[in-house]
Structures are given as structure tokens and as C-alpha cells.
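In what comes next, chain A is part of two complexes: it sits with chain B in the first one and with chain C in the second one.
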Partner chain A sequence: MSAALATRRLGKRFGRRWALSGCTLQVPAGRVVGLVGSNGAGKTTLLHLAVGLDEPSEGTIAVLGEEVAGASSQLSRVGFVAQDTPLYPALSVEDHLRLGAALNPGWDATLARDRVRQLALDPRQRAGTLSGGQRAQLALTLATAKRPELLVLDEPVASLDPLARREFLRSLMEFTAEHAVSVVLSSHLIADLERLCDYLVLLAEGQVQLAGDADELLASHRRISGPRRDSARLPANQQVVEESHTERQSTLLVRTDEPIIDPAWEVAEVSLEDIVLAYMRPDARPAADGKAPKAGR
Partner chain B sequence: MIEFQLDARSGVSPYMQIVQQVRHALRLGLLREGDQLPTVKEVVARLAINPNTVLKAYRELEHAGLVTARPGVGTFATGSLADPALAEHGPLRRELRGWIIKARRAGLDEESIEALFRDAVRSARIEGVA
Partner chain C sequence: MTWVAWRQFRTPALVTLGLFVAFALLVLLTGLHLRDVYNSVGGAHCDARGGCTAVAGHDKALAQVLQPALLVLPALLGMFWGAPLLARELESGTYRLAWTQSVTRRRWLLVKVALGGAAALAVAGLASWLVSWWYAPLDHLNRISLEPTHFSERGIVAIGYAGFAFALGVAAGALLRRTLPAMIATLLGFVATRLAVTYLVRPHLLAARHALLPLTFGQGVGLLAGPEGITIYAGAPTIPNAWVLSTKLVDHAHHTLGSSQLHDLLARTCPTIAGPDAQYGKGPGFGGSAFESCLHAVSRHVQLLVAYQPPSHYWPLQALETAIFLAAAAALIGATAWRLGRRPAPRPAVGESSQRAERPDAASEPGAEIDAPLVLLPDERRRADEGS
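For the complex of A and B:
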């Protein structure tokens, strides 16, 4: 199977500012990918490049095995839910479905109608008068009824209340369970990621800081604490991601593929949220590709 | 039918939580041989969770011989963890309870008891390593 998303030295410049640079990624298909990073880290830029809304300033990006170049055959394979889920406020729910059917050759009218019924939306209601949760659900309906092979969502739940957020994510996961689809989802809500995503990409200042399979990341990161020690004296196969020291105690987040056998350390597992937060710190060291560096490098 | 719950604060990955909940239900007899587990779609719709996570948990349970997937029908419990495990652990549990009562009498609070227990587990492990 070809990669859902593959980039090589991808960069995008707006004026003098590089929103994204030197971004090399290989995201496998059939996954739910969480794209995280601070504001301005380049998440939206990367997603816009993936769906063909923007063109790279340098490097290449391929989606589902095809280079993105505004090719319409490829655009029909990708569904996109943009930030704040823009719709046509004056058009009704029904009009949106009709528009979707007219614009998309592979339109699944049954899926769209069933979803609208399930959500108890009034087909004649104008999109402008829908609640935030309903608008997001309608945007998701339009994107999924295209029957895309890749679904791209930019901060889809950022402005939703907790209940609407849960409902939206349920709909999204149900669609993922029923259809062979890859999902790339950007979000600030890293607490949701653990249950949603099985692959993680973390951007910082326009560069890939961390990328890899969620289970591998969880398996290779540990929080260790014990009597104060200089982190430079750790075994070469333990890479320090984050460290803090008090007079007597050291606490480190380390990345390693080997078991930690030093009995002086108390070793604890960490959550995906812990890992993300550690790598989001400005002084964190990048570690792409989901592999810990080999000893002696 | 078993209903899964996810505890976001437990620090245990969602996939492991599902595995543990099935094992737990088998051990307590809440899930018996022949019982059907919820479908992947049902779990996903209930918990708003990644379907790959549920699939992975079910695969691991199948690998352990505890469930069997019948394509197009569903996933069913086939193994049992009930009696032998409980019978084996019964005396251990009694001894541990006796020890906890003694520790309380000695004036230790729950936190100290847990710290002491963890420390003992750790030093036993260190002795095992050395």
C-alpha cells in the first residue's frame, strides 16, 4: 500500500517567513494520524499543501502515492474539513448535499442522507442558523460522502463544546471503522489523541520534531527518577528528551529501545500527552522517524 | 454483553485497557465461553475511539486464545481465566490481607502501606537482577 502522505524536504514560504521547511515525512495508509504543534508551527500549512490549496515553495508532497499538483483525479480521493468548518450560510442542508453530489463524481447520496437523518438535521434549515456542532457534522458529512481515501481535518473540534466534540469524534471514528480510509487530523486537544490516533506527527517552528507509530512512541519513552545524576552519564542508548533536577533528585524523560535496568531509577510509563508536551518545549531535541538514535551516534 | 470504559487518567493505553477489561471479565466469570464481544463498530461508536485500537486489542486476545473472531459474525469468548487463577491466588490474597491488617495495626496509613509494598516489590526485582 502506498503512503497516505509522503513529503520530501517540503517547504512553504509566505513572504519572508518559512511556515514549513525541510519537512520529510512518510505516513502509512490506513492510520489515524494526529498532527500536533503550537500555533504557527505549520500544521495548517502542511494540511493545505496536502489537499492542494497551496503549492510548495520547495520539495515535494505526494498524497496516496500521487504527487499533489492540483490534479482533479487526486482531489476526488481526498476529503477536507477546514478550520471552523466553513459552509454557505444562505444555503440549506439539502442544498449543500445537492452541491456535493454535483461536484463530486463518487458522491454517496445514501451515506449523506443517512447521516443527515441520524443527526436529526432539518434538510430545509439554512447552514447559517445551525449550531456549531451541527455545522461541523454537516461539513464532515460532505467530506465523507465523497467517499475519500484520505480524510484531512484541520482543528475540527476546536470551537465545539465537549458534548458536540464527543459526538463529532464518534461520527469520525465510526466512518473510519466502516470504510478503508486514512485520516490526518490536526488538534490542540492532545488529551483526545490517545484514544483517536495511532500515528503522531509533531511540528515545531515549521519542522518535524517527532513522527511515529503511537504504540512505538509509548513503548520507547519512559520517565525515570532517582538520586540526582548528570544526564550526560546515562548509557548511550538512552536519549534524554526532558530533564529536571532538584538538589537530590533527577527526573528524566528518556527515549530508548532497550529496557532500563539500572536499579537506582524508578521507571514509569508515560502517556502520549506527556510525550507530546515534552517534545513541544522550545528546547526539545528533534527525533523524527519513530526510531531512537543508535548507540554511539 | 461486556461494555468497555476508558479511563483517560489511568496512564494505561486504551488498547491495553480493553485487553485488561476482557481478561478481568473472564477472570470474574462476567464473560463466559461463547459470549459475544461488542463489534468493533459498536465499541468505536460508544467510546469515540480509533478502530485500529479495538482491532489490535481483539487480535491480542485472540492470540492469547481467549477469544475467536468468526468473520462476518463477530468475536466470541473461547477461553476462560476464571477458576484456576482465583484458586491459586486465594491463599496469596488472604496472606496479603493479613499483612495489610498488621501494617495498619502498626500505625501505617494507606499511602505508607502502598509505598512499603512498592519498595518491597522493587527490591525483590533488584535482587532478582543482581
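For the complex of A and C:
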């Protein structure tokens, strides 16, 4: 099975600013991928490149084994829910469904109708008068009724209240459970991703800082604390991600594939959020499979 | 895609249709009445003093509204139909919805442009036909159909103007990505192009005719006090339904006469008018009959050389100018579609990505990548060979 998303030295420049650079990434198909990173880290840029809204300044990007080229056959395989879920305010819910049906050869009218009924949306209501949660749900309906092989969502829940957010994510989970679909979902709310995603990609300052299976990430990271010690003197197979020292004590977040046997350390498991936050720190060392060197700093 | 294009165009189309029906009714009813007046005074054989004035003065207020109506209509179509076509999608972010369906951007653009453009051409054509019909009696009397003010507001040129203004609006929207600036740019660009074509291009589209006319008393010929003394001045003569481009006073060898030569000639031929003792506007030589006989004497040496577009050039000029504007419209749409479509990604040479020392901190502008340009990538010029 080809990768859902594969990039090679991908870069995107806006004017003089590189929103994304040297981004090499392989995301397996059939996964729910969480794309995290702070604002301005390049998440939207990467997703726009993936759905063909944007063109790379350098490097290549392929979705579902096919280089992104904006062809109709490829567009029909990828569903996209853009940030702030844009809809046509003057068009009704029904109009949006007709629009989806008119623009997509693989349109699943039954799925779309059922979803609208389930959400209790009035088909004649204009999209401009829908609540934020309803708008997001309608945008998700459009993207899913297209029956894509890859569903890309850019911060779909960022502006929703907690209840609407939960409803939206439940809809998304239902869809992924029922249909064989790969999902790439960006968010800066790590808690949401933790429940939903089984693969994680972390962007920082336009580069991939971390990418990997969520379970593997959890298994390979440990927080260790003990008497103060220089982190350079750790065994070679323990990679320090984050360290903090007090006068007498050191606390380290390390990545290792082997058990930590030093009895001086107190070893604790970490959450995905801990890992993400550690890698998001500006001084963090990248660990995208240990292969992405950080350029030009 | 056709349904989508129509659904998005429906509201502006219906608003325009409503306004247009009201406009057409007004023109038809008053136009029929104008014809009654025209026929009642004998049509083209009207009495120049009484009857013709009645026709010319009829509905003067409406006549003054109809004339500029056709002047502004193409600009309005460009501003309200053309400019928002892309700019509104880019401005409101809905392009992210529209362009991630299964239809390529080029097809999306071309279907929308075909629908809006065809409607713009139809509206302009009908409006121009209505106005031309309304004015027909007056034009018959005035016989100035090739004058710039009349030429642009009759016949078929408005179709070309509307197509061009619409395409200009679409292109401006793609470039500026905001509706209001795109509308303003469309207006300014359209007015500038219209003026430039009218005064710089149209006179040269077809070779002008030349005619030698005698100096005739009462035909715009007069005296002028210049720095060299009193000389003859010749205004544009009246040639029915022609457009006089330039007039020159020449001798029998067709050499242009300068004002000092004219003064010398005048002083020799009519010393009472232009002799060393004569003063401009004073003395016995300035009476009507004295001037007339002087002019008669001078006209043996001086003729009026007129360059003009003859009435027979009316329809060829209309067709040429329409074609020019429609070709410009097609070029604008083609350029916009080309820029909008995807081009294959440039492949970096090995090691190229390491020479980016100038890269500023990518995280300095939170969220800024959302507003960054998506369509216009000046450094990427290769064409896509995209599928259907």
C-alpha cells in the first residue's frame, strides 16, 4: 500500500519567508494522522500543498502514491476541510449538497442526506446562518460524501466550543471506522489528537521535528529523574529531548528503544502531550526518525 | 459545474435582469413617442427651424441619460460581475472549498467565465441595440455617427467593451485577491483603455481619407490674431457622418502653410484686414462682405486639406474595434486561466536546498501562511499538462 502522504525535501516560500523547508515525510496509508505544531509552524502550508491548493517552491509531495498535480482524478481522491470551514454563506445546506454532487463524480448522496438528517440541519437554511459547529459538520459532510481515500482536515475544531468539538470528532471517528480512509488532521489541541490519532507528525518552524506511530512514540519516551548529572554522560542509545536541572536534581525526557536500567534514575511514562510539548520547544532536537537534520540555524 | 456556476451567478443575474427590463421598457415607450414626434414633423424632411428642433429637444433629459448609460454599462459589468468572480472566492476563503472538489481550477474558471461573459455580452448587445434604436431619429438629423461620443455608444462596440471589462475584472480579481481593489482597478483600467483606443488607436485602424476643400465663408473659417499678426483660422468642416481627424491650410502644391506665411498672404491680398495698419477686430475691413470678398481672394491661393474617416468606414471600424476588445478579453482570460492552473513542481537540484541562508525565522508570523499568495507564483512558469 502506498503512503497516504509522502514528501521529499518539500519547501514552500512566501516572498522571502520559508513557511516550510526541507520537509521529508512518509505517512502510511490507513492511519489517522495528527499534525501538530504551534501557530505558523507550517501546518496549513503543508496541508494546502497536499490538497493541491498550493504549489511547492522546491521538493516534491505525493498523496496516495501520486504526485500532487491538481488533476481531476486526483482531486476526487482527496477530501479537504479547510481551516474555519469555508462555505458559501448565501447558499443553503441543500445547495451545498447539490454543489458537492455536481462537482464530484463519486458523490455519495445517501451518505450526505443521512448525515444532514442525523445532524438535524434544515436543508433550506443558509450556510451563513449556521452555527460554527453546524458549519464544520456541513463542511465535513461535503468532504466525506465525496468518498475520498484521503481526508485532510485543517484545524477543523479550533474555533468550536467543547460540545461541538466532541460531536465533530465523533462524526469524524464514525466515518473513519465505517470507510477505509486515511486521515490527516491538524490541530494545536493535543488532547483531541491523543484520542483520535494513531500517528503523529510534529512541525516546528517549517520543519518536521517528530514523526511516528503514536504507540511507538509512547513506548520509546520516558521521563527520568534523579541526582543532578550531565546529560552528555548518558548511554549512547538514550537521546535527550528535554532536560531541566535544579541544584541537586536532573529531570530528562529521553528517547530510547531499550529499557533504562540505571538504578539512580526514577523512570516514568509520559503522555503524548508531554512528548509533543517537549519537541515543540525551540531548543528541542529534531527526531523525525532521527533523519531530518535541522538546516541553517 | 454548470449548475454551480449558474447557482453562484443567479442573484447578480436576476438583479441585472430586473434593472434591464425596467430600462428596456423606458427606452421602448419613450422611443416610440420620439418616433411619433419625428414622423409628425415630416421625418428627415423636417423644417430646419421649427420641426427639427422639436425632435432634437424632445426628451432631452432622457437623451442625456441614455448616452452615458451605454458608456458606464460595460464598466459596471466588469466591476460587479467580473471583479468578484475570483476575488470574492479568494477574499472569503471559499476557493479552498471550490478548488478541492473534483473539478480542476481551470475548468472551474472557464465555466464561470463562459456563463458570466456570455451574459455580459448579451446585456451589452441588447442595451446598445436599444439605445441605437432610440437615437435613430436624432442621429438621422445630426449626422455625426462617427464622432467619438456617438460611435462608442451605438452599434456593436459596446459588446466588445463589455467583454473586455468583464475579463479585466476577472484578471484584476485574480491579481489583487480583494473585491473592492479589483473593482477599482477594473474601472480605472477600463476607462484608460477606452480613452487610449478611442483617441490613439481608432483614428489609425483604417487609412484616413483626404479631401481638399475650398475656403468657404461660414464654414468655420475665421481670423485669428497670432504673434505673427492676423492670420486665417480654419475649424473642422462639416462632413456628414464622417470623423474629421485633422485640418491643414495648404497651398496648391499641398504644402502646409505656417501662420507667418498665411499672414503675409493675407496682408498682400486684403491690406485693409491684415495690412500693417490694420488692427484685429477694428476698421472697415472687418465687415461681413469685406471679409467674404477677402476670403474669396485668398481661396485662390489657399485650400483646406482635411483628413477624415468617411461614413463608409462606420461598420468596418465598429467591427474592428469590437474584435480588438474581444481579443484582449480572450487574452486576459487565457492568462488568468494559465496562472490559476497548476504547474508541475520544480524539482530541486541535489544539494540546492542548503543554499538558503537568507531564510528568516519561519515562526515569526503566526498564522500568516493562510493569507499568503496561492495563485500567482512568478518564479514558476512551466505549464501543467493536467487531465480533463
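Following the convention adopted for this analysis, the second predicted complex is superposed on the first by the 289 of 297 C-alpha atoms of A that agree within 3 Å, B and C clash if a C-alpha of one lies under 4 Å from a C-alpha of the other, contacts with A are read in each partner's own complex, and residues count from 1 in each chain.
Here, a contact is a pair of C-beta atoms (placed from the backbone, for glycine too) under 8 Å apart; a residue touches a chain by one contact, two chains touch by 3 or more.
This structure is a prediction, so every number in the text was calculated from the model and none was measured.
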Mind checking chain B and chain C on superposed chain A, clash or fit? fit
Partner chain in contact with A:Glu178 - chain B first, chain C second, else both or neither: first
Could you work out the angle between chain B and chain C as seen from chain A, using CA centres and rounding to the nearest 10 degrees? 160
Contact-wise, after the overlay, does A:Gly206 reach chain B, chain C, both or neither (first, second, both, neither)? second
Is chain A touched at more residues by chain B or by chain C? C
Once the shared chain is lined up, is A:Glu216 touching chain B (first), chain C (second), both, or neither of them? neither
After lining up the shared chain so the two structures overlap, which partner does A:Glu94 touch, if you call chain B first and chain C second: first, second, both or neither? neither
Give one of first, second, both or neither to describe whether A:Arg195 is in contact with chain B, with chain C, with both, or with none. first
Examine A:Val78 and indicate which partner it touches, taking first as chain B and second as chain C; both and neither are also allowed. second
Please indicate which partner A:Val32 is in contact with in the superposed arrangement: first for chain B, second for chain C, both, or neither. first
Working from the superposed arrangement, determine the closest approach of chain B to chain C, counting only CA atoms, in whole Å. 25
Same chain A residues contacting chain B and chain C, which ones? none
Show me the residue ranges of chain A that touch chain B in the complex, using the header's touch definition. 30-32, 166, 169-170, 173-174, 176-178, 191, 194-198, 215, 218, 261, 263, 266, 269-271
Residues of chain C defined as touching chain A within the complex: 1-4, 7-8, 11, 92-97, 99-105, 107, 341-348, 352-354, 356-370, 372-374, 377, 379-380, 384, 386-388
Counting only contacts in the complex, chain A reaches chain C at residues 9, 11-12, 14-22, 38-42, 44-45, 48, 51-61, 67-73, 75-76, 78-80, 82-84, 86-91, 95, 98-100, 102-106, 139, 142, 146, 204-206, 295-296
Residues of chain B touching chain A in their complex? 6, 8, 11, 13-15, 40-41, 44-45, 47-53, 56, 122, 125-126, 129-130
